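Below, chain A partners chain B and then partners chain C, in two separate complexes.
Right after this comes the complex of A and B.
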């Protein structure tokens, strides 16, 4: 190509750019900043993924209402939703599509299930795209990745925090400290992380003896053998780690059918999803507790009400509140990086000091080297009168905890 | 060899050129995956396409390769470059271990038990604690670990792999390996009888097939980064191999390539474009597309297109081959029957439960003679043949061929010893030419491809089919098929030829032609034993009759004597005809 021709082309390009920019400038509307949400909106995990989208939409709306990203000329955030599907393979594939089809993404949040997040982050890490996640498998932040930021306490950490609280509560309210425990867990990454930490000394530390451990692959078709194993072990306490709602329903119903009445503590939100009410009698759930990474809590009443009004959700789960909070984390980091570049955003997130966390339990909006949120704690929820409410920590509790006496 | 690969290289060059222009990393990945699934389809084709033994379990080899590669890097830091070869070895080993017990089964039983292996492995890997494993990222010289920022490099590697697999497949197709597999597909019993050690060839096929699948699985893991037992051992993986191959066409290297090139992009684009509006719709559209194609082109696109093109070409040049060659009507050479006993059957018996199929049968066959074994339906003629060539082992007695007792030998050994055989029911490989059909039978004697070619050409000429040697066997008449069978048995240069109802279903003119061919062969020194239940044509043909009824020899003698014997008439027509005879 000869020089004059090239000049001519460059000139044309400039002119075109000027033309395109002119009306935008006239309306003084900066181009939105794209944030990805990669979550299952189809398949067996579609429900929690949809709730994440509600949280993200409300978050984007509130950030934009508050003026968007001031540093970038009040550019608004814009959400790009990518369906991660309901399997690890689909999630990997979706991540590949996300990084290919949305070159302007500066960051993303996702992908609900830890197994999906592990897969998705393999792709986003290689694409240098910062990924916030509410998933809490220890593996997620155990790979030396630079672009993953875990807002929840890890499974292992959650178990460490939750177990003493639960045992103290039992002793305080029943006068007797549980001695034996049975575990039913599915084989998803987050559940396995929790169980691994328990077996690696945590149970021994709190003086619990493991009498049986049952691992299953979701979705479950029959829970009879699982429940019979529990019955045989006669534990004082049952730790229950399902991820799929239908699995928790099957197991709880089978327990009732076998008249197996044992105080049940769950880990994760599968037993507290609003959808549970469609299939499970709330009486079956009354008193069941669950250790969850995050939950709608004291001080967020206005937000919870908006979620109810707008989407008809009966309460605010971790998926809604954490993803809502993520948008504020992006805002803080974007103000700091003051750039539409994803690498700059990653750098800003790594060195962020966003003060006390408002939308996650405990700690601050700052991340350590591996991507753990500093000081992350958890919430414990309990089914009371047909609604799962936050009962711990006390500062966030909407109700008092009651030890489930079967 | 090089010429036969020319279309592939043209395809590869075009594909590579297209891949270099794709900048979207997702579409780049699809371009790589098309090649991965094409290779995997070719691996399936190696076993199931050529031998007809349908495997629902190729994910077993694929998954082993994938897991071996990722775990070796996680635990020992071994590079996928090395694991690619190791995975191929693992796949081959798994193939042999799976083949040894599973090849005892046939048909649906084989297909179903193959299904079990990957499913069992799926649970083993879950139980071992690998619900999900990821390829560790390498920062220092990532290319040493097959990690590249530019997705096009993966496409190039995949293309190289496909080229290697196509070259291997073409080589197999053109040598006795492929011919043996194709012979197994058309008729395993006939293949055994033609001297092919079917078990050994099937094991080689599954080992090679497993090796390719293992290597493909290894590469897949590197490209896809994250694997789960479900994603590499699952039903869908095995089905993928079947789908791309059946869609494109089985038994040809082009089938899996065409299938993968169509189906993978369609599935992915549907997934990407429709999946977010109507989750799951891509599966429905994909399923409908496959159903539609299978209805329209049940053998796959490649064969459909080929048949279409051939039909057009032959319509342009009608009746070019209309004059099918009649076998040269040469007068039977005067034959000399030597005194040397070639086959000595002594007191052979076989029972099936309470049924005595063959009882204490003894007879001798001398060099150069034509012996006819006749008897009504159910007399035990075919059972006797099966005892002679090793399909069945006799309960008692000996089958001595040129001084060696053959009892207990497998059919392919019996064939090697010099006994050829044809079957009552003809099953030629319809898409292969007459010449190639015959060539399958030549390998038992031929040390090289050239020799096999020569033997086949000679055998085709000997039965008078040389004018239609290049025609596909699918369009032959019954008579031509009988001659084809005869030629195939002849190509192995047997000393003794066992012919099972070679004249059945032929008109009298056709039968006379075939009889002429057999007589000529006998004149050239081949000893013949022929089964038939119609006596007419036989009287013209044989030197001696052996008459069986209810599994026993009721008479042996010259044709004229036999046709007048009252016991023979009784056996054929019933008692009341004896008086009239």
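Right after this comes the complex of A and C.
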């Protein structure tokens, strides 16, 4: 046999062997396990939704690098991103679309604003789809749903944890405990839940007198009337609960304009998003504190650096770290359920004992009957030198808290 | 301060804030009135023209305004510089798209082309919003000027009563009033103004009189776009914006135009001014979260009691 004929024969044999082996190889590669991310990636909340996607993508990648779901033949996770839009109605439609378009979804995370999560979870509950959420509102886990799992402390719980810490800090560093407080809040579900808990006895318990309370519908077009109330009330402290960055700018600038120097404590992330620096002078932000459900913290430096390198984010907000952690929670629950069935995953999440929480502040990776993460705490951040850094809890703090001196 | 002084200070502060923000609302309403009054086109993309004006002013500020004129004056120079660019954009938009469903081209179309106009301008709005999101990103930006958080202090009177006059808003209001006056003079005193009025009153007769109605419409569309874009540029110092910001203002624009009297350019300005005042004064007696709802209650009352608006006559146009 001549050399060309031998080569041709060998090639044909190799090709035949390859064709025969192909189905076997395809069979041995497990089908990915779909996890949904329902978050706003269009409209006015597109930016935080995009950051949620960054965290989820990194989480999926790291879980897959670690071998995927061992119990299911090392099946990798696959992220299905669904745009919840920027209104409750759009979020409801998106949830219905998610359930219909992705029948193989086993679980999901979302949906940024509590108002959206409340709407989305109405759909996922009926579809028996487990939904992890960072949203704070107490209502989310207060409806007796079986498929909702709240990784954050609820708004009410956050207020309970945060207020004594804030007042102790003021007393320790200034020698004087604040006596009066003004509240400016938007009327989204999470903000109202926090304020409700404050008014339902928490303020009295910590010795604060409410001198004014203003509720507004976001986004504001002008903050004069709100800040005028602070000027009238002359409080020792301002609690400020916005969910839209533009509202943060309007209030802080109006306070500067009215020459009001009131220590400001926010609840939520709208005052600490990177985009705030596009709109507000960093000097106005210096010292402002915010109680948030989660934040990049001590021990996560490598992860934070990777986020910065890959996506150009200046710091890791709660939206990225939480969806990152959610992927690890899904991995733990899938290893436990060892099934692609939604109901089995829900059951596994309800009885999960994943040990100490690595990507959420405080508590463990275990959920109570209502879906609260057991022992969930919060993070307090503070703008220091143009960056919001974690100052509480001390074990996770990247810097020491400094009481904002007027 | 006594209770009376506190109340007086709050009322005066609300009036001042309402007048200043109302002047900017008025300017954006005038832009819409130019298009609506002269061409009778219901333009759903007007809010998005404002958004483009905000971005144009932002890039002009970042590109040369801040370096050449400083961050204070530069923000206003940037807003003014963006206006001619937006005039050209509006002109081109009319030449390429709008004229196909307006003027003589709409003859024979169902409902005189209004359905086609609605669908076309809605389509333009969607393309502009999503195109801006692709080009500029979803994050919020604003023109960062020290004037947005600085105020001229008036007082104190009595036991500490005082007024704070936001510097950025005052300059923006002054520019708005100057532009409105210039526009009014142009419409009343120049040949171009005459052709615009003629095209608005009776397009057919205008053609017989030798007026290029298509050109007049194109000019009106360009002017309307530029004026609303200028209002956006002036607002951009105080208000962070994003590609969907137009949706937040387009309803205010329509409310202002209807309040002032459909077709009346000066009426549209006063309509916008009224919205600013109602928005601020309502917060004195009602919860702040009802501020925007109050505007529409007031709007409905005017529509019921005086359907032709504050300053319009049923037959008046431009």
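As a working rule, the second predicted complex is superposed on the first by the 380 of 406 C-alpha atoms of A that agree within 3 Å, B and C clash if a C-alpha of one lies under 4 Å from a C-alpha of the other, contacts with A are read in each partner's own complex, and residues count from 1 in each chain.
Assume contacts are C-beta pairs under 8 Å (C-beta built on N, C-alpha and C of every residue); 3 or more make two chains touch, one makes a residue touch a chain.
This structure is a prediction, so every number in the text was calculated from the model and none was measured.
In this superposed model built on chain A, chain B and chain C take up the same space, so to speak, and clash.
When the two structures are aligned on the shared chain, A:222 is found in touch with chain C, with no touch to chain B. By the touch criterion defined above, A:292 lies against neither chain B nor chain C after alignment on the C-alpha atoms of chain A. By the touch criterion stated above, A:42 is placed in contact with chain B and with chain C alike.
Contacts of A:83 after superposition on the shared chain: chain B is touched, whereas chain C is not. When both complexes are overlaid on chain A, the residue A:187 reaches chain B and chain C alike.
Once the two complexes are laid over each other on the shared chain, residue contacts for A:54 go to neither chain B nor chain C. Once the two complexes are overlaid on the shared chain, A:245 sits against chain C while remaining clear of chain B. In the superposition on chain A, A:281 makes contact with chain C only, while chain B stays out of contact range. Note on the superposed arrangement: chain B collides with the chain C stretch 115-123, while the other options among 115-123, 133-141, 223-231 or 277-285 stay free of clashes.
Residues 41-43, 46, 187, 217 of chain A lie in contact with chain B in one complex and with chain C in the other.
Contact residues of chain A toward chain C in the complex are 41-44, 46-47, 50, 86, 187, 214-217, 219, 221-222, 224-226, 228, 232, 245-246, 249-250, 252-254, 256-259, 274-275, 278-281, 284. Only residues 6, 9-10, 13-14, 17, 21, 130, 133, 138-142, 144, 146, 148-151, 153, 164, 166, 238-242, 244, 248, 279-280, 283-284, 287-289, 291-292 of chain C touch chain A when the two sit together in their complex.
The touching residues of chain A, counted against chain B in their complex, run 41-43, 46, 81-83, 85, 87-89, 92-93, 96-97, 99-101, 115, 118-119, 122-123, 125-127, 143, 145, 187-189, 192, 217. For chain B in complex with chain A, the residues that touch the partner chain are 24-29, 126, 129, 131-132, 134-137, 149, 224-226, 228, 230-231, 268, 271-272, 275-276, 279-280.
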